[in-house]
């Protein structure tokens, strides 16, 4: 750790607001896709995790907004895993535009729950893929 | 028929886009809440319909946009039921702002499916509440 | 005509709803990005159009929903221009998943307005790029 | 201080995700409307602030998620102003459902910028309405 992975998106018109810039709530959606992409690149699919009866839910999120993003910007979101414990995952994110300008940084903490919505533990094979048992 | 019901919303900042007006996709969301409110006012909850194992899915939607809506506008959405058959429902909508200006008109067609996502029929008691067996 | 262009997206978790499928309003957003991508591939940027003082606003939209889309699906949106008149543009769309299943088809009609939000005409150079003066 | 104001919303179907609960990004949108409503109840409209050439932009946001919200829940968002300085505003939020269950708590920090997107100061009359010059 930290392991990190990136993906790039093009800003959608629907993501802008009347200030002419990307609405701040969209960064949480971009970060979430950062996690999805991170898992896919690590050989896991979040779809599979849910099909196996586990939900990874957001317990905490925080974002520092540094510069605005605009329609048609090419934004690269880099996601790293900071903690991978049995019942708790933590990810960090950076979003940078096509000119290398830092747009936002954030962090999310997640807990693992079962179909009954009670806390549970992620299976060890997934934790190992996330690097969580190496330490 | 037509039976109609109204509700009023305040335009959210997040619903605007860089043109300074409400993004056109939000009208589908407002119309959906028009259906929810229509059902509630008819003594049904869409939550109950889903808990009973029925999903009412959108098969067709169309909207004519007449005038822009702005942040903090008070928009009244009026929903009427146009068809209530066992396997098909049709609703119509009008959205009007605080000055009585028509913003948009639309229509959606819905089919009823079960948990297996195959077409099925709504129970008669619900169709009766919707006025569908009176004719 | 018809000229058509495609782009592919990965379904975001935030685009799903409690039915477990993509919420129907998102197709309007995907189609809008289909238009953006169409223009970019034709050598125009909608950002440039707005900077020049023209807004292309949606006057009519319609969608037929054929099959559900799921989180992590790879969806290809194909956009074609159906009409390119001075004051009116019409586009058609098809969204297909990674297995070739047709998810939705739609059509939007647009009018051109100026900064004063009154109808105006697109400059001829843009209409030519869109193929609108060839006929 | 703290001055606080509340408003109540009904959860929209479009706000849910495939976990069957409200997607976590929506809380930022609900909190934003909490700010809007706070300002309206204090005799200010954020529309007026923007028309006067000031934008209040989000510099930091954080949320702790405590319990899930569901479609048709009645959620009360209570907003309080924590800091009202010339160039910086801070708000805190609590979202509670119809049964009094705490769903989420959050905090946002804002800076004031002008039309040129550079930092500026809010006019004193608005700061006074916000209670910021009383201390």
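Each chain carries a letter (A, B, C and D) given by its place in the written order, and its residues are counted from 1.
In this text, contacts are C-beta pairs under 8 Å (C-beta built on N, C-alpha and C of every residue); 3 or more make two chains touch, one makes a residue touch a chain.
Everything numeric in this text was worked out from a predicted model, so none of it was measured.
Of the two chain pairs shown, A-D and A-C, the one joined by more C-beta contacts is A-D.
Among the remaining chains, A is positioned farthest from chain B, on the basis of C-alpha centroids.
Each chain gets one centre point, the mean of its Cα atoms, and the points for chain A and chain C are 28 Å apart. Chain C and chain D have Cα centroids separated by 33 Å.
We define each chain's centre as the mean of its Cα atoms; on that basis chain A and chain D are separated by 24 Å. Chain C has residues 13-14, 18, 25, 29, 32, 71 in contact with two or more other chains.
By the touch criterion stated above, chain C contacts chain D in their complex at residues 13-14, 16-18, 20-21, 23, 25, 71. The touching residues of chain D, counted against chain B in their complex, run 10, 12-14, 29, 32-33, 36, 40, 45-47, 70-72. Those residues of chain C lying in contact with chain B across their complex are 18-19, 24-26, 28-29, 32, 50, 55, 57-65, 68, 117.
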